[in-house]
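So, here come the structures, one by one.
Each of the next two complexes has chain A plus one more chain, namely chain B in the first and chain C in the second.
And now, the complex of A and B:
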C-alpha cells in the first residue's frame, strides 16, 4: 500500500512550491512548458497507478488520453455541449473504454498484457485516423477552454490555465492516494503480489483489475481533456503508441510505484527535452542512452535512487529490501 | 471488378508478398523470444539498418552486393548489441527489456539520421527481376515474386534446420526448457548467441528486400515493428508454425481488408489480435503447450 514518508512529503512540497513559483513568475514560454509538465504529470500518475501498483504495464495510456481529448473536442465543438458537461462526458467515456480494456486484458500477463493493451491503443489510433468525423490526419481545431468566469478566472490567459492545471494535478494526486488507500487499492496490492492467493481468498480478480484500470484510464482521459484545452488543437499523433511508450519511460525514469517519482520524472523529461532540443536535433539519442543507463543500473528511477540513498542505516536497509522486492516482482510479473 | 479472377489473384499475390516480408522479420523475433525470453523491440531498427546498409552498398557495388553483405553487417551490429547489452539483460523481467530496447529504438533512429540524413533513399530493383511476369493470366512484377520465393525458401530451410537437424533439436529443446537442456550438456548460451545472430541477419535481409519496394527512411523500423509484433502474438511466441501462420493471417487480412472494407481495414487487424488474445491468450501455435 502507498505510504507517505518524510522524503516523499518533502519532495512533494518542493515540487509544488517550484511549480507555484514558476506559475506566478514565469513568462509565456515558461508557462507553456510548465503546463506541458503538469499535463504529462497527470498522465504518468494514471500510468503509475496501473503499472506501479497493479503490475498492469499498459501501452495504451497515450491512446486513452487521446480518446479523452477527442471526446471532449467532438462533444464541445461539434455537438455543442457546454465545456463542463463535455468534460464530464469525455471522462466517463474514457473511463468506460479503459474499464472494458482492463476487463478483457485481465487474464493476460507479462508481455501478452503489454501487447494486448498495445493492440487496443492502436485500434483507437487507426480508427481516429481513418474516420472522417475526427478530421483524419488534419486533426481538429477550435477547442474551447473551460469557462470559469463565474469565479472570476479567465482560463484563456496562460497563467491562469497553468494554475488551473496545477490545481487539477493536486486533486488528481489526492484522488490517486485515496484510490490506493481504499479497499480497492489494498486488493490491488494483494493481486499484484500474489494473484492466486487473492483468488483463493474469494476476490474477483478481474473486477479489481478492471476497476483500477478504468479509474486510471479516466485520469489519463482527464490529461487528454486538459491537453486538448491547452493546445486548442488535437491530432491523431496524440494516440500513437510512442506517446504511451514515452509515458512509460517517464514513469520508469522517475521511479515506478512511488507516485512522487513519476512527477519528478515528468518534470525532468520535459525540461530535458526542451534543453536538449535547443542544443541538438538528436535529443532522442540522449534520452535513449539515459533510459538504457537507468534501466541497466537496476535502480528504481531517479526518485527510487534518492529514496534508497536517503535516511538512516536501518531505514535504508528496510527501504532497500522493499524496493528490491517490489522492483523484482514488478519486473518479473510485468 | 470484384468478380474478376485476375483481380483476386493479384490481391492474393500482394497479400503473400506482404506475408513473406513479415515472416522474415517475425521468425527472428519469435525464436529469440521463445529461446531467450527476450523482448527485442529494436528488431525493427535492425530491419531499417539492413535497408540503409543495402542502400549504401548498392551505390558501390550494385544490388546483389547489398543483398549478400547487408545481412552480414546487420548480424555484426547484432553481435555488438548482444555482447554490450542483451547478455546483461537476459535475467531481467520483460518490462526492463521492453524499456531498454525502446531506448535502443531512440538511439538507432537518431544514429541512422546522423549517418544517412533525414531524406528518403531509394534503391533500384535488380535488373534480373526488373520486368513483369505473366502468371495465371495476370502480369505481376518479377521482384515481388522474388520476395515470395525467397520467403518460401527461407521458410523451407528453417523448417528443415529446426525440424530435422541436431542443432534444430537443440534449439527446440532450449525453447521448451532451457534449464533441462543445459543439464543435458547443451551449451544454451552459445545457442542463444547463434540464434540471435541469425535472427538479426534475417531482419537485415528483410530490410534489404523491402528497400526497393518502399523508400528507405529512418522511421521504417518503427512502422514495421507493430505489424511484426502482431504477427508473433497472433501466431504464438517461439514457433516457426506460429510465425508463418501469423504472417499469412496478417498479410491476407490487411490486403483483403483494404480491398473489401477500406473503412475498417486498419481496425480489423487489431480487432483480430484482441480476439485471439481473449480466446487464446498465448496465441494460436505457441511453442510451449
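And now, the complex of A and C:
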C-alpha cells in the first residue's frame, strides 16, 4: 500500500517547486513544455494506480484519455454544453467505460490482460477514426478552455493554463493517495499480493479491480480533457496504442507503484524528448537505450534507484551507529 | 453443521481426494489428521471453493455450499491457511480492517477490541508491517483476521506449523478459549498432541479417504490406529 516517507515528500516538494518556478518565470515555449509534462503526469498517475498498485498493466489508457478528450470536445463544441458540465460529463463517461473494461478484463491476468486492454483501445481508436461525427482523420477543432473569469483567471493565457494544470495535478495526486489509502486501496493491495486469499476473505475481486480501473480511467479522461483544452484540437492519434505504450514507458522509467516515480518519469521523458529531438530525429533510440538500462539495472525506475540508494545510506548509517554504540559499551566495560 | 459426502477433488488432473466423507458438528472441534500428502489441506481448500469439487456433496447448515470462495466466506466460514497469507505491504491494523470492515455488520460478535483482548500482542504491533512480524505473531494475526469475519465455523490449516513450543502453547490456549466460547472449528494438524488435546472429534485421512473416525479420547487410546495411519 502507498505510504509517504521523507524521501517521497522531499522529491514531491522539489518537483512542485520546480514546476511552480517554471510556471511563473518561463516564456511561451517553456510553458508549453511544462503543460505537456503536467498532462502526461496526470495520465501516468492514472496508469500507476492500475498497473503499479493493482497489477493491471493496461494498453488502453491512451484510448481512455482520447475518450475523455473527444467526449469533452463533442459535448462542449457540438452539443453546446457549458465547459464545466461537458468536463464533468466527459469524466463520468470515461470512468464508466473504464469500469466496464475493468470488469470484463478483471478475470484475466498478465499478458492476457494486456492484450484484452489493447483490443479495447484499438476498438475505440478504429471507431473514432472512421466515424464522421468525430471528424475522422481530420480530428476536431475549436475546443474551448474552461472559463474561470469569475475568479479573475483567464485560461487562454498559457501561464494561467499551466498553473491550472499544476493545480489539477496536485488535486489528482491527493485523490490518488486517498484512493490508495482507502478501504478500496487496502483491498487492492490484498488482491495484488494474493487474489485467492482475498476471495477466501469474502472479497469480490473483479469488483475491486473494476472500481479501481474505473477511477484510474476517469483520471486518464481528465488528462484527455486537459489535453483537448491545451491544444484546442484533437485527432484520433490521441487514442492510439502508442500513447498507452509511451505512458507505460514513462511509468516504468519513473518507478512503477510509487506515485512519485511516474511524476519524475513524466518530467524526464518530456525534457529528454524535447532536448534530444533538437539534436536528432532518432530520439526514440536514445530513450529506448535509457529504458533498457533502467530495466536491466533492476532498480524500480529512476525513483526506485534513488529510493534504493537512500535506503542503503540509511542502513549504513544505522549500522555505523550500532558499531559506535557497541564500541562504547566494550570500552566502558573494559 | 458441515457435512462432506463422497467428495472428490485435486489439483488439475491429479486427484487427491477419493470419496472423502466427514461431518463437523455444531459447538464441537473436529481435527483432521493424517500423514503428509493424505489430502488434509486439499479437503479444506475444497470446502472453501479454492479447489474444484469434482463430485460428491458439501452441505453447510443444511444447504449445499457455494462454489466461489467469496460466497463460502460470506456464508459464515472463515479459513486460516497454512501459509497465513498476511499481506506484507499492509500494517497489522490494515490486515485486520480488511476483514472487519467487510463482515462487521451492525452488532458483530467479534470486534477489533475483542480480538485484541484475545491477542494483546497484536495491539502492540498495530502499526508494524506484515513482514515485520514473527511467525507466531503472523499466526495470531491470521486467526484474528478470521475471527473478524464473525464466522459460524472456523477452519485452521496447520496452525502450529513452524512455531516455537512456547508459541504453540499460546496458540493452543487461545483456541481452547475459542472452543469454550462455543465456536465450532475444524483443525488440520500434524501435531498429534496439540490436535487431540483440543478436538472433540477426530477424522484420520489416508490416501484421500476417511480411514478412521472417532473421538479424541478414542484415538489417544488406539495405538494401533496411531501407528497404522499416523506413524506415531
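We adopt the following convention: the second predicted complex is superposed on the first by the 310 of 334 C-alpha atoms of A that agree within 3 Å, B and C clash if a C-alpha of one lies under 4 Å from a C-alpha of the other, contacts with A are read in each partner's own complex, and residues count from 1 in each chain.
Throughout what follows, a residue touches a chain if its C-beta (ideal position, glycine included) is under 8 Å from a C-beta of that chain, and two chains touch if they have at least 3 such contacts.
Bear in mind that the values here come from a model prediction, so they are computed numbers and not experimental data.
**Student:** So, on chain A, is it clash or fit between chain B and chain C?
**Tutor:** Result for chain B and chain C: fit.
**Student:** Quick one: classify A:122 as touching chain B (first), chain C (second), both or neither.
**Tutor:** Touch status of A:122: first partner only.
**Student:** Quick one: chain B or chain C, who's touching more of chain A?
**Tutor:** Larger number of chain A residues touched: B.
**Student:** One more residue to check, A:111. First (chain B), second (chain C), both or neither?
**Tutor:** Only chain B; A:111 stays clear of chain C.
**Student:** Touching A:284, do we find chain B (first), chain C (second), both, or neither?
**Tutor:** Touch status of A:284: first partner only.
**Student:** Using the touch definition from the top, say if A:78 reaches chain B (first), chain C (second), both or neither.
**Tutor:** Neither partner.
**Student:** Between chain B (first) and chain C (second), which does A:4 come into contact with in this model arrangement: first, second, both, or neither?
**Tutor:** In the superposed model, A:4 contacts neither chain B nor chain C.
**Student:** If you stack the two complexes on chain A, which partner ends up touching A:190: first (chain B), second (chain C), both, or neither?
**Tutor:** In the superposed model, A:190 contacts chain C only, not chain B.
**Student:** Pick out the closest CA atoms of chain B and chain C after fitting on chain A and give their distance in Å.
**Tutor:** Value for chain B versus chain C, nearest C-alpha atoms: 10 Å.
**Student:** Under the touch definition given earlier, write down the residues of chain C that touch chain A in their complex.
**Tutor:** Within the complex, chain C contacts chain A at residues 48-50, 68-70, 72-74, 79, 81, 85, 87-90, 94, 97-99, 101-103, 145, 149.
**Student:** Which bits of chain A are touching chain B when the two form their complex?
**Tutor:** Residues in contact with chain B: 57, 104-105, 107-108, 110-112, 114-116, 118-120, 122-123, 126-127, 129-131, 241-242, 245, 248-249, 252, 281-282, 284-285, 287-292, 295-296, 328, 330-334.
**Student:** Would you tell me which residues of chain B are touching chain A in their complex?
**Tutor:** Chain B reaches chain A through residues 33, 39, 85, 88-89, 92-96, 98-100, 102-107, 109-111, 113-114, 222, 226, 229-230, 233, 237, 263, 266-267, 270-271, 273-274, 277-278, 281-282.
**Student:** For a test of understanding, state which residues of chain A touch chain C in their complex under the given definition.
**Tutor:** It comes out as residues 1, 183, 186-187, 189-190, 193-194, 196-205.
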